[in-house]
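Letters A, B and C mark the chains in the order given here, with residues in each chain numbered from 1 onward.
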Amino acid sequence: MAGSFFKGRFLSLFDYKTEKYIIAKNKKVGVLYRLIQLSIIGYIIGWVFVSKKGYQETDTAIQSSVVTKLKGVSVTNTSESGRLVWGPEDYVIPPQGEAVLFVVTNFLETPNQKLGYCAESPKVLDGHCRDDEDCEEEKMVIAGNGIKSGRCLRKDENSTGTCEIYGWCPIERKFKPRKPLLLNAENFTIYIKNFILFPKFQFSKSNVLETSDDSFLKKCRFDEQLYPYCPIFRLGDITRRAGYNFQDMATFGGSIGILIEWDCDLDKGYSNCNPHYHFTRLDISNNSISTGFNFRHTRYFKNAAGESYRSLFKVYGVRFNIMVHGKAGMFSIIPTAINVGSGLALMGAGAFFCDMVLLYLMKKSNSYRERKFEGPK
Amino acid sequence: MAGSFFKGRFLSLFDYKTEKYIIAKNKKVGVLYRLIQLSIIGYIIGWVFVSKKGYQETDTAIQSSVVTKLKGVSVTNTSESGRLVWGPEDYVIPPQGEAVLFVVTNFLETPNQKLGYCAESPKVLDGHCRDDEDCEEEKMVIAGNGIKSGRCLRKDENSTGTCEIYGWCPIERKFKPRKPLLLNAENFTIYIKNFILFPKFQFSKSNVLETSDDSFLKKCRFDEQLYPYCPIFRLGDITRRAGYNFQDMATFGGSIGILIEWDCDLDKGYSNCNPHYHFTRLDISNNSISTGFNFRHTRYFKNAAGESYRSLFKVYGVRFNIMVHGKAGMFSIIPTAINVGSGLALMGAGAFFCDMVLLYLMKKSNSYRERKFEGPK
Amino acid sequence: MAGSFFKGRFLSLFDYKTEKYIIAKNKKVGVLYRLIQLSIIGYIIGWVFVSKKGYQETDTAIQSSVVTKLKGVSVTNTSESGRLVWGPEDYVIPPQGEAVLFVVTNFLETPNQKLGYCAESPKVLDGHCRDDEDCEEEKMVIAGNGIKSGRCLRKDENSTGTCEIYGWCPIERKFKPRKPLLLNAENFTIYIKNFILFPKFQFSKSNVLETSDDSFLKKCRFDEQLYPYCPIFRLGDITRRAGYNFQDMATFGGSIGILIEWDCDLDKGYSNCNPHYHFTRLDISNNSISTGFNFRHTRYFKNAAGESYRSLFKVYGVRFNIMVHGKAGMFSIIPTAINVGSGLALMGAGAFFCDMVLLYLMKKSNSYRERKFEGPK
């Protein structure tokens, strides 16, 4: 009789016959007993062993290597730069295929800058002046582009002007992007090669299909169901999965997080350890989007006379940040023993709790106390 | 009577009447009882629930995006490079606004290097020679700058010379920096934009004030009390907060860690989840400062004839490493239940411990044993 | 008599005399008792206190700074690039001494590319054509190098040709590397400077010997036994320690992980906290090696007329990824108290388990039950 076997088990710690007596006399307490016992057993089996896999040793110190490669070209035509063809070697910064990469979607080139004298940009507050005394010589313009020469450049005597500076001239012009210049950027593809290693179990895997078919990786596109081992993504699809439109992000720039998650139960074998991809926009807080992502970089040249000149690029774009998380579990006797032990300790605590309920919190506890401390008559 | 209610509670597991008897007969043991009970209750309430917030589910898998932007210009004047204006596009390496960035504070340019033959630097041990036989042709100079041509260049027949090498000539000259050339670097400002996301709770926040006042972020400076949401720092202030003087670090270079900590109790609401900044110097061990931080980079040019030449820059500077840590907690029924259960288990253990003390360790335990095992007469 | 002292201890919770009786009557149950008691004590002392150092507070939030510096030169001689000397400023990408770095071991230069019209590479599937209609004007070539001009370039009318494109011409030629061009790369040395800080204990250390002997770090090589504080490694030794041959990796490229582990018991003092180095190949999964690691980067030039031209470099090489793990432990009263408490709780659970075994699982349990519930007659 499994029922009566269970009935007696947990209260036995205190008094087996008393238990029978209590349960017979007080139905409510009996129901409470069984509920507590069931919830403890449920907790141990359901939570500790099934949900938290308490019988497994885990390794969370995942070692990971991420290599990225972009493909696609785009053509831009601007008055400053002429007709330009952009390949991955130009629009991916840095070009060496790292886990954090920036894809140019918009830019402003200021070509042929030379060191010399010109007017500071009117956007810089500290560069405004009314006369030459506002432009103290050899002083830096705060948050500006150069060093003041001592002259204030004005249209006429009554207007406000800007200080003349020594710096890279001409100064970059004002630029408020309307739409991305690299229109095609949405169709660029990114190939994310991720190798992982769980050192404790000497288990390693890659997110790329192990195939002898070379052409597969040239044509395939990622699909959670069909091609989970083809880690090639269209940039437009990535932003769409993160919940945003690529063209909206491309104008001013933004930041996308790509999370690769490896949650591996190694007891189930090699083929059950699969990567899962999550996409989130990272430059957006609860209330508002920040105003984009841009930076400047330069290309330096020298003319025949040995004088330096440069092209200044202000580039807008989308930054991709590939993060790899993971843990692996495998059966091991030590955590199993520890969890079984803790479970039994908790059972003891449950019995203790039941006892306390009976002794103090129940109304009919008097008779129980008598029976417990006097012993059965 | 709460007192007598408590008195009986914990020993009841073993013998309620005995407890009263013991406490009456043996005051010391009674005091020990109450101390153990109090410390267990104190531990559960104080440590588990108040200090460790045991009633909360926590998320430590913070996702974070860091974007940095520097502002400020500096002018240098050296014999090799002439008068140069340095903007963020030049002194920040890499320029793309990453979480690990290097700010140039000192440099040595070796302009117009061409591939050709010249003497190896006398600093390189393997380049020293006494005659041509020490300079075996086509052999690399170990830790040197090129490949030996087979000739030993000496002032006169008796002196020690250096091998002639094929490499980028002229070789970089010896350089022991005295003071930083980018004097103004202390006044550069760094704007650190940090977005965080706790995926488990779908909670995201930024360290930048959500304001419609555009000019606020143009003028403000970080202040823990006044402007905690203005993440714009003067470089000199950062090193000062880390406990070092910027000009000292700037000469030979160094490394600064900026830790942004988000310790969020989401039960207290959105506005109580705030970033905290910590600044530490990272290139200093218990006993000594390492001798700085520098590296070399190049700019390549071609002359009209298509021949390559380059400028070699040895740059010294300060590296900033922005790290983001964080965890968030929110009330959840499961950890609460688990911690209450473990607490009760610990109470049972406490009672067990008291019992053992009474049975074996106390001198008057004989009478207790008798009472416990014989039952009250 | 330690024996009898122990005998009585754990069962005492339930019935001291019964225990004696049981052990006398039932030898098997007595042996089980002692085994369980021993395993619990062994678990608490051996596992919790000795193996897991349960008496220590731990800090796993290690703060770390890694600086790398490479030394060595190599000479290459190719038809496209002529005779070139490669220094660290050229072959390390990025050059700023980061924890993730790429060392060029093989390359293909495509010099003097200009924007213009030429035939698409035959490797690009989308560039193949049979007549001009296949090459729709102004359309990008998918995964190609430019924008179609509308013409199909064929040898004769019947053959398959490739579309003419507008892009950087000439297109990079086909290149299947046979052996690494930077033959000497195996002998390059990498100097890894790692500073760590455990903020909770304000403990910091470096992996570099704190010495006043400047020449030591110029000559030494890492040796686990002799020079554990000389973190200078030959690249060939690193790949050998990871189990691979450098020259094999150098041809197509690869990825190596260098793990620095700081497992510090601060109770044992400063000199017992030492770094340990582990080397693993990161681009290899259970079954196969991926086909290498390469990327493209460019150098831009301008001729006297202001027209842009560039050199495109396809570089193959080995990527080194330096990861720092660590934890530190120090004696603290709180974890000690918690672990002692949990240990006692587990002992209680052990006694409970023994009781259950006796009551239900042993054959002779009837007599025990009688004795337990009826009391000794």
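Note that in this section a contact is a pair of C-beta atoms (placed from the backbone, for glycine too) under 8 Å apart; a residue touches a chain by one contact, two chains touch by 3 or more.
Just so you know, these numbers come straight off a predicted model, no measurement behind them.
S.K.: If more than half of the interface residue numbers appear on both sides, call it same; otherwise different. Which is it for chain A and chain C?
M.R.: Different; most numbers are used by only one of chain A and chain C.
S.K.: Could you work out the angle of the rotation that brings the CA atoms of chain A onto the matching CA atoms of chain B, rounded to the nearest 5 degrees?
M.R.: 120
S.K.: What is the distance, in whole Å, between the centres of chain A and chain C, each centre taken as the mean of its C-alpha atoms?
M.R.: One centre to the other, that is 19 Å.
S.K.: Which residues does chain A have that touch at least 2 chains other than itself?
M.R.: Touching at least two other chains: 94, 301, 304, 345, 348-349, 375.
S.K.: For chain C, which residues are in contact with chain A within the complex?
M.R.: Listed in rising order, the residues of chain C that touch chain A are 14, 40, 43, 47, 93-94, 100, 102, 115, 125, 140-147, 166-168, 255, 257, 259, 278, 280, 282-288, 290, 293, 295-298, 300-302, 304, 306, 312, 319, 321, 323, 325, 345-346, 348-350, 352-353, 355-356, 359-360, 369, 372-373, 375.
S.K.: Within the complex, which stretch of chain C touches chain B?
M.R.: Where chain C meets chain B, its residues are 5, 9, 12-13, 15-17, 61, 63-65, 67, 69, 71-75, 83-85, 87-90, 94-98, 112, 184, 187, 189, 193, 195, 197, 199, 203-206, 208, 210, 218, 270, 299, 301, 303-304, 334, 337-338, 341-342, 344-345, 347-348, 351, 375.
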